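Going in written order, the chains are labelled A, B, C and D, and every chain counts its residues from 1.
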Amino acid sequence: MTNRRRGSRWTWLMALAALTAIFAVACSGDDDDDDGGDEAGFTDAGYKAAGLDKARIITVDGDIPIGISSALTGEVAGLGIPIADSAEVASEGITVKGKKIKWVREDDLCSPEGGPAAADRLVKAKVVAAIGPICSGGTRASLKIFDDAGITHISPSATAGDLTTPARPEGPYVTFFRVPVLNADEAREQAKFAYDTLKAKKAFVIFDTDDYGKDLSAEFQKYFKEEGGEIVGTPAGYEKKTTDFKSIIANIKAAKPDVIYHAGFYAEATPFLQQLRADGDLKSMPYVGGDGIKNEELLTGAKDAAEGAYLALPGTQGSQFETYKKAYADKFKGDAETATFGAEAYDAATAIIKALEKVAVEKDGKLEIDLKKLNEEIKKSSFEGASGKVEFEDNGNRAGAVVRLFKVVGGKYVQLEAGKK
Amino acid sequence: MPSIRSQLQQVPEWAHALTFLVVGLLGWYFLDDTWVRVLFLVTLYATLGMGLNVVVGLAGLLDLGFVAFFATGAYVVAIWGAPISPSVEGVVNYWVLLPMAVFIGAGVGMLLGLPVLPLRGDYLAIVTLGFGEIIRILALNMDDYTRGSSGIFALAKPDYGAGKIDHVGDFLIMILIAAMVVWFVTSRLRDSKVGRAWEAIREDEDVAQGMGINTTRYKLMAFAIGASIGALGGAIYAPFVDFVAPAQFGLIVSINVLALVIIGGMGNTSGVVVGSALLIGVPELLQFEETANLLAKFGWLRDGLNTVIDGFNAISFADLGKLPPSEEWGDKLALYRFIVFGALLVLVMVLRPSGLFPSRRRELEFQAEEPEPAGIA
Amino acid sequence: MAAGELDVRALGMQFEGLSALTDVSLFVPPGEIHGLIGPNGAGKTTMFNCLTGFYKPTSGEVWLSGERIDGFPPHVISGAGISRTFQNIRLFSNMTAIENVLVGSHGRIGGQTGFHVPKRRREWLRIKGRFSPRHVPKSLAAGLVEVAGAIAQPPTVRRNERDATERGKRLLKSVGLAGRENAVARNLPYGDQRRLEIARALATGPRLLLLDEPTAGMNPQESASMVALIRQIRDEFETTVVLIEHQMRVVMGVCERITVLDYGRKISEGTPAEVQRDAKVIEAYLGTRALKDGGHATP
Amino acid sequence: MTVIFLTTAEFWADQFVNGLTTGSIYALIALGYTMVYGVLQLINFAHGEVFMIGAFAGYGVLVAMGGDDISGAMIALALVLAMIAASAASMGTALAVERIAYRPLRNAPRLAPLISAIGVSVFLSHLVDDGFLTGRSKYYPGIFPDGGFDIGPMAITYLQMFLMGASLAMMAALWWVIQRTKLGRGIRAVAESRDNASLMGIDVNRAIVVTFALGAIMAGVAGVLYGLYYSAIRGSMGFIPGVKAFTAAVLGGIGSVQGAVIGGYFLGLTETVGRELLNEIPGVNLPNQWKDVVAFSLLVLVLIFRPTGIFRQKEAKRA
């Protein structure tokens, strides 16, 4: 009964080999032609698509609902909860035309599935505007949902470049703004730092295969090469929840880089650093990571292994930082210094509230809010916030970007002065 | 004991289908979008269930990688139907893509099926599980075609002449039609010569082959038909969520579909619908505000349980967290729905190993596990 | 070369060094009822498995009606005209009697009456194995047509199905199961299950019917009616019959010629009377097993 | 993209050691699958979660004893205690699962226990992830002494040595139990034929329970080793190693204890070294996740050509 099938088995083996070859060729084909990224601004067609070419009024009875789409559970909750909390404290002691702000939190899990689901629920909850989503993947997937509903949303932390250059004839989504510094800006600073300050000529790149990780690592490679550096080995991608980095580490050792660049999140950076530092040869290999990794949980999880790591954090502390810090400590017992993107969330919320104050019209004890005017006011935002001056470019991006660099020293993040290690 | 169950079995199956259709249409007409979305998902999974039922219930092939075909259908529609997709210029009309997805699904089914079909049950299960993962990893890594984890979005919507299918309700109608077609197709197949061949293979593969049935051919047929139905589901799901990415095609989809087929009662189409309502509908309902409001009334229960937890914390090293206020139970239940799901699977299996609504034959199979008539050594 | 002629030439079957059959040759002319006997483990059922394609013989040839059929998978051999029953009844026990029979007539529904192995295809198969890209479009198309037919159920498909059901009912009547069409197989009494298995085997339209201990576990009356049934079948369906049997009363009563196997080798062949006198046969059955007319050959 | 050949001896030695260590963990887990399959013909889908529970129990002990502050001789004590606690916790879980989810289904249709096993798996992993950790990971304290020694181009850390040594010791102990004790004879008899064993006066239930318990002890120890080696543990950690271990068991010929061990090492080596070898082909660049693809493709190939596993000589029994 068994040997009879032998013939067909060989045929299948060959078919399989052929398929594998096709896939291999398909996968290894040279890609990344930069799509140029012409920085187009909002268009009339864009406003029309969002239904914001004319007044779109919603009436609010009672408190004004503003949505927050953030990761409240899951691997990235350590990032998401402080963001949500920080946004909420922006409304402390503030009323708009006598009405308080009602925050509606939804869990976007930092995922492309959670994003639209949370956006959907926020739209159903009839929020007038929203903070979030916090991750690039989730944001990308929910742009259209917010846009269809005409609801303006400001992400405190979605940093993938193409979010504001989507491939559609109407141009960028007019309902989307963001406060954080873009991946490209962050990667440029990191590349400079690695090449100029750390004097690294060869870099090994490891990245989370999600939107954020791919984008950040690609930008870093681009800028590092521009600086004159070389990317050694094959950039190693991994999926979230990966724990086994031993094979990547062997590749790092073989590639003999001067620096390791990591674009990902702390949940994977923790075991990665622990396994990296367990290897005698790589004990002191410089390690540069992105903002997704700079988190308190990295310090508590990786402990000694995190020592000496260089992490970047886009943004700066603005004049309102102390106000935010105090409010955050009072209400949520949190430490604003450790809340990554907390200041950005606070500023995003402030931008919405400030705009609301200008556009809300009182009528029979209720508030009438024109989504079109709200959107316009948010676009015109210009104020000193907790993360520096908040202004938006014509495509929804933050204007004027600053990136700070930190080093882990003695179990704490210490900010580096420019040009110092 | 003329139970409700056995009485239900007397009702012809087309009546079940009709009832389901009417319920769906009523829901479409009267309910708001949130509910319609749940109805869509229930119907979608019921359709997928009918597809898997052909493979598992009729032909007896345990497939743990059904998601592979679901993903295939979704990606066909996404790659050729979205302006953003990197490998294909332009957009193909959805009504061309839909049959294309079904055919490619069948093709993938056969391609995956041929090398593994000689394998026995449990081996087949683990290999198909592997295939499910491989398809997901392929989708994740072939950025040039699938955009990797970024996924493909902004799909061209199906056009039905008078407008575009763009609203939850429209998609519900679409999936209801698909479900009815699949229902018709699978029940016709089951009652035909082909269905009889599948059943014979399930009962005793060697003997079936000895009786002149080309078992590989019919197993492949079952695989291809199941796969094409899975792809059909994916092709309708893709424009509905308007976003196709590898993370949507995890093992949990396969498990969900298999579980609803088995919990519904294998080989029984009506059971599949009930299973889908239970396993897909109920967890969705848990996320509703109404559910949360209802649960909020159980504050007293929370206080009682918290006292117990306090006591436990006092006498042990453990530091168990307190239960949250009952107002948050709705959210928590939504969060814990997989825990509930797992427990439910075990419970239903232990109490009703042949499913809630087993088909006549499956029930027979279960009743007499003590084999062989007397007189044989 | 007449239909139903079985010619086995020097058949050998080895399992990882163990010889189950060695150099067994057998010739059964059309229409004969041939007995296959021998002590337990003599290789009788192995022989059946080789003839029906369940095992692929390691040496030797099997010819049916002038066509060489060894090396093909069971469903092809079934189509070529060999069908069998099993020692431990293997019905599709959750299907009804008529459904069991319909499974048997699977290859004949749709007008086909039996299956001839064309010479070219046969040679081609032998060299290349069963699968070839050349066959893919054709068999895909055939599969598609079959599925489409099953779904749409055009009049021809319905008529074929109806005809097959009628044929099945007649078959059931022939084996004495009239009126039991819709009984679930596992609920049938033991004797009826044996009969149903024979009916199922007949439904494939065999020219050679292999019966593996058709009277096992039956009392003398039941055995006698089984013997009558076997004769009736041979006459009614014009098949050749080879049967494995332990009850000597049955063997001597129904078989026209007998082949005796021992340790995988043919030790004797001839009419019942000749075999009974053969010293080698007596020796093989000596010890715990006495070969007497009408006696029971197995413990 | 530049293609760089990484063919230094050190690189391959590194990957070889990585493969062996991963393989040891697979092998330990695979033992549980293969034994349960041997006696019950059941794919114990929850076995990956039994392994996960062990990892958490070990973590609890290490943290309770001081976490990162454990030093000196206390390290050895802490490790032993962690493994004992892990074995006990895994065993408790496995026995509870057997009692609740499998035993009532022993005579049910074949798919029922499989679904119930999947249910247990989903339940346990999400109970830990969603219920207790709200989706976050825990990290094993890095108490194991750093350093190691070189054998030629091979650099092996003490931790890797310990891991391989401990798993080998566990497997040897298991082999001894199965081959040399009365308990083991019972298990082997039940695996051969449940009916015959019960006719021979063997308590079938007890043998099955012991099988689960032995498999769980192996998985518990594997959990601690996994935690020490990879550091991050979470509720869903059991799934992939579980599936891989089952693959290993099938590769080795399911039901065979030696086969599971060899299959584990074989799989660990192939998926680590195999992927890198494929990457040496010019133009091929398989990302890290492709080691799963390599593993599963290997499984399919093996099953097509040797349906009973690479190392099994005998054909499976035919009905």
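Simple rule for what comes next: a contact is a pair of C-beta atoms (placed from the backbone, for glycine too) under 8 Å apart; a residue touches a chain by one contact, two chains touch by 3 or more.
Computed from a prediction, not measured in an experiment: that's the story for all the values here.
**Student:** Going only through chains that touch each other, how many steps at minimum separate chain A from chain D?
**Tutor:** Counted as steps through touching chains, the separation is 1.
**Student:** Give the label of the chain whose average Cα location is farthest from that of chain B.
**Tutor:** Chain centre farthest from chain B's centre: C.
**Student:** Measuring from CA centroids, which chain ends up nearest the centre of the complete protein set?
**Tutor:** That would be chain B.
**Student:** Let me have the rounded angstrom distance from the C-alpha centre of chain A over to the C-alpha centre of chain C, please.
**Tutor:** 71
**Student:** Please report how many Å separate the Cα centroid of chain C from that of chain D, as a whole number.
**Tutor:** 47
**Student:** Taking each chain's centre as the mean of its CA atoms, how far is chain B from chain D in angstrom?
**Tutor:** Comparing mean C-alpha positions, chain D is 30 Å from chain B.
**Student:** So what's the Cα centroid distance for chain B and chain C, whole Å?
**Tutor:** Result: the chain centres lie 42 Å from each other.
**Student:** Please output the residue numbers of chain A that touch at least 2 other chains, ranges allowed.
**Tutor:** Those would be 1, 5, 8-9, 12, 16, 27, 73, 209, 237, 239.
**Student:** Can you tell me which residues of chain B touch two or more of the remaining chains?
**Tutor:** Touching at least two other chains: 115, 118, 138, 140-141, 206, 335, 365.
**Student:** Out of chain D, which residues touch more than one other chain, so two or more?
**Tutor:** Residues 130, 287, 289, 297, 304, 307, 315 of chain D each touch two or more of the other chains.
**Student:** Mind listing the chain A positions that touch chain B in their complex?
**Tutor:** Per the touch definition, chain A meets chain B at residues 5, 8-9, 12, 16, 23, 26-27, 29, 31, 73, 107, 111-113, 116, 124, 137, 140-141, 144, 166-168, 209-211, 214, 237, 239.
**Student:** If we count contacts the way the header does, which residues on chain B are in touch with chain D in the complex?
**Tutor:** 56, 62, 115-116, 118-123, 125-127, 129-131, 133-134, 137-138, 140-141, 206, 251-252, 255, 258-259, 262-263, 266, 317, 335-336, 338-339, 341-346, 349-350, 353-354, 362, 365-366, 369
**Student:** Which chain D residues qualify as touching chain B in the complex?
**Tutor:** 37, 41, 43, 64, 100-101, 104-105, 107-116, 118-124, 126-127, 130-131, 239, 243, 246-247, 250, 287, 289-290, 292-293, 295-297, 299-300, 303-304, 307, 316, 319
**Student:** Inside the complex, what are the residues of chain B that reach chain C?
**Tutor:** Per the touch definition, chain B meets chain C at residues 184-185, 188-189, 192-197, 199-200, 203-204, 206-215, 217, 220-221, 224-225, 361, 364-365, 368, 372-376.
**Student:** With touch defined as at the start, can you tell me which chain A residues reach chain D in the complex?
**Tutor:** Chain A residues touching chain D: 1-2, 9, 12-13, 16, 20, 24-25, 27-28, 30, 73-75, 77-78, 209, 231-234, 236-239, 241-251, 253-255, 267-268, 270-271, 274-275, 278-281, 297, 301-305.
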